[in-house]
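Letters A, B, C and D mark the chains in the order given here, with residues in each chain numbered from 1 onward.
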Amino acid sequence: MRPVVLKTVELTVSFGGLKALNCLDFELCEGQFLGLIGPNGSGKTTFFNALTGIYSPASGNVFLYGEKITGASPNKVYDYGITRTFQRSRLATPLSVLDNLIIGNQRNLNFGLWQNIFDRKRFKAELKKQTEIAEALLSRFSRDLAALLFKPVSSLSMIDRRRVEVCRALISEPKILLLDEPSAGMTPDETRALMDELQDWRKQHPLLATILIEHEMELINKVSDTCVVLNYGEKIAEGRYSDVATKTSVRAAYLGED
Amino acid sequence: MVVTRAAGAAFFMSVKIIELTNFEKRILLMLNTLKLLKVFIFLICCACLVSCSEQPETIKITFIGPLTGGVSAGGLGGRNSADLAVSLRNQSPETKYKYELVPLDDECKPNIGVQVATKAAADKNIVAGVTHYCSAVAMGTVDVYHKFGLPVIVWGAVLPDITYGNDHPEIHRVNGTMINQNMVAAEFMIAQGFSTWAVIHDTTDYGKGHFKYFEKALIEQPGAILGTFGVNPDQQDFTAELTKIKALNPEVIYFGGLAPTGVRIRAQMDKLGMSQVFQGTSGIVSDAFIDGVGDLAEGVLAFREGAPTEKLPGGKMFIQAYQARGFGEPAEAYGAFAFAATDLIIDVIEKVGPDRNLIRDELNLTQGHESIVGPVTFDSHGQNTIALITKYVIQDSSWVLWEDSEYALGKRSLK
Amino acid sequence: MDLGFFAQYLINGLVQGITYALVAVGFTLFFGVLDVIKFSHGDVLMLGAFTALALFLGLDRLSTPTWLSLTIMLCLGTLTMALLGALLCKFLVLPLKESPPLNTLLITLMFGSVIRESVRLFFPNGSNPKPFPALLPETSINWGNLNLRLDSVILIFTGALAIVLTHLFIQKTRMGLAIRAVAQDEETARLMGINFTKTVLMTFALGSGLAALSGISTGLYYQEINFSMGLMLGVIGFSAAVVGGLGSIYGAIVGGLLFAFLQTLGAIWFSVPAYKDVFAFTVIIMLMAWRPTGLLADRSAERV
Amino acid sequence: MAANRLVGRSFCGTRLITMSDLKTKLEILLGVALCVVVLYGFLYLEHEWEIGLLLVILPLAILFLKRANILSDYQQAARTIPRFTLISFIVGVLVLIVLLRDEHFALLMLTTVLLYVTVSLGLTIQFGFAGLVNFAAIAFFGIGAYSMAVLNYHFHALPDLLIILFSGLTSALLGALLILPILRTKGHYAALITIAFGILLRTFLEVNDVFGGPQGLKVGAIEILGWNFSDSFPSVLGGGSFYMAYAIMALLLAAIAYLLTRLIEASWFGLNMDSVRLDEVASASFGINIPRWKITAFMLGNFFAGLAGAIYAAMSGFIAPASFNFSDSLLLVSIVLLGGIGNAVAVIPAALLIVVLPEKFQVIQEYRLLLFGIVVILILRFRPSGLMPRGLRQYFPRSST
């Protein structure tokens, strides 16, 4: 068994009286590809938001490599090596593709006043390096996209935007990648292409652990190692997709039965 | 002319660059380019345009006051009056020169005031100015006039420091300061048997200054100020302040401020069932006050520097001429001063000619010059010393000289 | 403090608070449907009052009975401003929908100053304050130090009634439903077959009509109107709407009353009452630091 | 390799002085000269018919520049030649200053424009980059002006340049009072805080007598190494109006502010500020420290405003609370909007329009504000993203291909 990267213990998030996540125990191992499924409003995105520090949990804990990171701010979480994409694309659309990717690589940028404002030669060198990294990463996903490095994101197609968003999450070489419904707004073919590109990346970064929120069961079946099913903020099933899918409780949840 | 220089400079600069490399080729290139020629023609046209703009001038006098914004009523009245003075003199066959009034808007804001004062003072064709209604603006611009040597007569701003706060020989003022006004006001009110006041003043230099000098004047008299309320001139609602005053129960409410605020306060006193005597300053001596307050205006007192215009022979002429011209706005309280100041300046120019220094010196010698606001005599600071203060009371919806009113005769009573 | 004076302050504050609330409701409505701030609101209020005054002057010549002129002034004044609001929205606000929200703010602001300057220049002797006719009964009761006038009471109730009716309109009618739907989610509302433009125009008309109403009642109460009266009322109304929480009608009411309360309190506390604005705005800044989205705004988390 | 080609294209910002380029260069030079001439006319002309004519010439000139492709050549040059805009700005304004050396009023207007450009650059950083709406710009300008007045009076021994610097710092530090509420609020809510602050400050200055009250304060002239700026320009340097010294100083300040703004934009600082403006949640999720960038932008912008205020106070020699109205803050915001939000170059023509246009309307006296309002409405309505919308970030000038 590979070491556990991320672990939550009795994680609870509540809005007013409503418990969006209820005592969730959860584990993620190195290199694992985990599918997170559940009906609408079951707390999947809330789970991501709680992990990344956008919501602070009411109780329970989050551990990263055994270290407690509960309630850490979003930028701290990023520094720990957890990055994500968003359900609704949250790119900085007026900025160029390059700018968006560099934003994703915060951790490796030098923010010294001297270098940024006065020593423009060194800044130029760093910019060049970042541009190369960005371009190399983009061309893994799509050669055509790499040519659009200096175009504003607003001029990109939906799939290219998704790619940029995934690349923005990957450029800092995180330990954990959280993908929130990357297929939303894309055709099945586009989704498949994106997933293939992602799998390709994972082959070269075998330690990267991924959590994928997805409604396309086909996709989950194809790419995930294990699955966790949420309903009303609670974990109702866990295991391989083929096992989980047959469980009556899961079927009931999806069919809206009690 | 200067722009011709600009075009020259541009040409020179381009030549310089050409010299850097192969000269002839570049010249050819340039000549071949029709586009460039067009630009040149354009430039030259512009230059001609500017250089052609010099033309023989009439003698210019500037008028500066607030023509836009909240207190523009006073400014527009002043502008019309000054305009009237100029056109009356231009019509007169005895006048040696042709005059032109250059009205500028200071928006009652010091920064804009400094801007337009510089504009006027730096314009060589302007020989004198009739300037400023707002004291803060006048305070800011006196140094500008001094620096550029433009003789001016202040026509409306009442803060003493405008003339007394400096030794600039260029600065004169036909209207009195708030010191005289408040001395007379305090003495008069005490004589009428009042002894307790509540003061409302706006927090501008005008209102605050009036309060200061009224307070000073009262110290010498057996009167007491029970409470003072500085208010924002933009404020709409004064009921909170007035309720507080109601609790103090003074005999008189002294208001230092301009007509718009005064109207609101007088009207709102009625809302709270308050019937104290309302005593204002020169800022409310305006038909706007009576129009705004309606019947409640009866018995309101106010004081203004200068002799009563309507009583002087020239003043009557002014009032008639103003009405005859059919201006869109009334002359307001200080219109007569703007008229008198402009008239005085023209008199001086007629005498010494259109030269700033001569005008300045001649203005400083002004002694007992007859005007529609009474005789004008400037002291060493350029302040009109014949500080006649006229007392007004509103009787049957018009401002009446106290001495002529039924109140003075005892037919009506203030209380 | 004497009970009479206390009651007097309360009544004064209430009249003011209702006026502020009426202005704030407009801000809140516009923000609700379009996420824009229409800064000419105060000047629309002023124009409403001047329209009513012009109507009155006309009707006065025909010697119309008081109640009839009052009704005509209220109806026509409000309707004219509602129309103006809708036109403003159609020609200046909606075309700028895709540009930054501040542009809307600036363009409406400039529109406000155009209204203001026009009234100043083109209304006869417009730069001076104008008396507004006292059309409401002036009966008053003296109760100790409290001077309670019938017109104050009428105005408080009219204002409150207008707000309640607006609330009912938004909660109970089809149009109100459409407004709420657009406010919640424009796209979904369009998908549901709601005529977006019509709804927005209707909202602007409604808000501007309310502004006119508060302008007229300000005139009736203070018996004086002037071309710059909308400036401060606009800023205060905006502050009230924001402090209460943009998009919430209750918030606008709370904000309006709160602002009037703070000003009254400031006027009582400080020997120089002009400090009351310093005081009120300081408290507003602190309140904003404490409740960044206003006192009553919907605080549901942003959808991530 | 594709990467190399791309990188090469974007970073090899060498100047290309080739023969075929010369025509373009001349055109650009002429374009700048034309701008200077038109501006000269704009600042200098006073008569009604002249201004009327100028209003006809102005669009014609712009059309001309466009038709002759000079505008696009110019933009091209600005993209490819390092510091091209800055240098042509400095040179152009210097030429203007020399041309106008005896025109006190025109110089005063020019200096005011330059100072407003500085404040607007501060607003560009605050609002255009970091997304912080500041409706109290004139308040921070005013704080700088009052600091200048007070410090100059009480610490006359201090060198005036230091006092100007202190005035900027005071402005930034007083602005720090607002940081907590500003950080916690967003959008229109944040707007209210600055509006409230602006009104509050003005009322405070007016009611309180400590700083001269409503009557205002006199401010001493700037004196550097025994040279009093309020005296005429030294005849050694050709002589001229005393405003020349202030104009040059304001030009220097505006140029530094411009350079700094552009450098910030073209660095990670600007990138992060943009990100904060566009999406706070996404920014935070990628490790951007939102408060850090907001505070930096807010303080820096107010610092600029304070510096400009200090010079303004010394130049006009007199300040009063009535000069620092809410409406002036709005004027500054409208400069930024009219120019094109976030575009540092755009504030220059916009400031020129907003400051000088009402002044040129003086001939129509009381109707001028009305006309000004209508002009601004028309511009906003038909150019909603400003006269010169901001383009993509360009880290370094790149040579054209």
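Here is the rule we go by: a contact is a pair of C-beta atoms (placed from the backbone, for glycine too) under 8 Å apart; a residue touches a chain by one contact, two chains touch by 3 or more.
For clarity, every value in this text was computed on a predicted model and none was experimentally measured.
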Least step count from subunit A to subunit B, where 1 means the two chains touch: 2
Chain at maximum distance from subunit A, centres defined as averaged CA atoms: B
Chain-chain pair with the highest tally of contacting C-beta pairs: B-D
For subunit A paired with subunit D, centre-to-centre distance based on mean C-alpha positions, whole Å: 42
CA centroid of subunit C to CA centroid of subunit D, Å: 35
Inter-centroid spacing, subunit D versus subunit B (mean Cα positions, whole Å): 33
Contacts with two or more other chains, residues of subunit A listed in rising order: 54, 86
Interface hub residues of subunit D, defined as touching at least two other chains: 203, 206-207, 281, 366, 369
Touching two or more other chains - residues of subunit C: 117, 272, 274, 277, 304
Subunit D residues within the subunit A interface of the complex: 2-3, 6-7, 10-11, 260, 263-264, 267-269, 271-272, 274-275, 278-279, 281-289, 392-393, 395-396
Residues of subunit B defined as touching subunit D within the complex: 2-3, 5-7, 9-10, 13-14, 17, 21, 25-26, 29-30, 33, 35-36, 38-40, 42-43, 46-47, 49-50, 53, 67-68, 72, 76, 79, 103-105, 108-112, 114-116, 118-119, 121-123, 134-137, 139-141, 143-144, 147-148, 159, 161, 203-205, 208-209, 230, 232
Residues of subunit B defined as touching subunit C within the complex: 68-70, 72-73, 76, 203, 227-232, 234-237, 239-241, 243-244, 246-247, 259-260, 263-264, 267-268, 271-273, 286, 288, 291-294, 328-330
Interfacial residue positions of subunit D with respect to subunit B in the complex: 19, 22-23, 25-27, 29-31, 33-34, 36-38, 40-41, 44-47, 50, 53, 57, 61, 64, 68-70, 95, 99-100, 103-105, 108-109, 112, 203, 206-207, 213-216, 218, 230, 241-242, 312, 316-320, 322-323, 325, 359, 362, 365-366, 368-369
Of subunit A, residues touching subunit D in the complex: 52-54, 73-75, 77-79, 83-84, 86, 90-96, 99, 102-104, 106-107, 109-111, 116-117, 120, 123-124, 127-128, 131-132, 135-136, 139, 143, 146-147, 149-150, 152, 168, 172
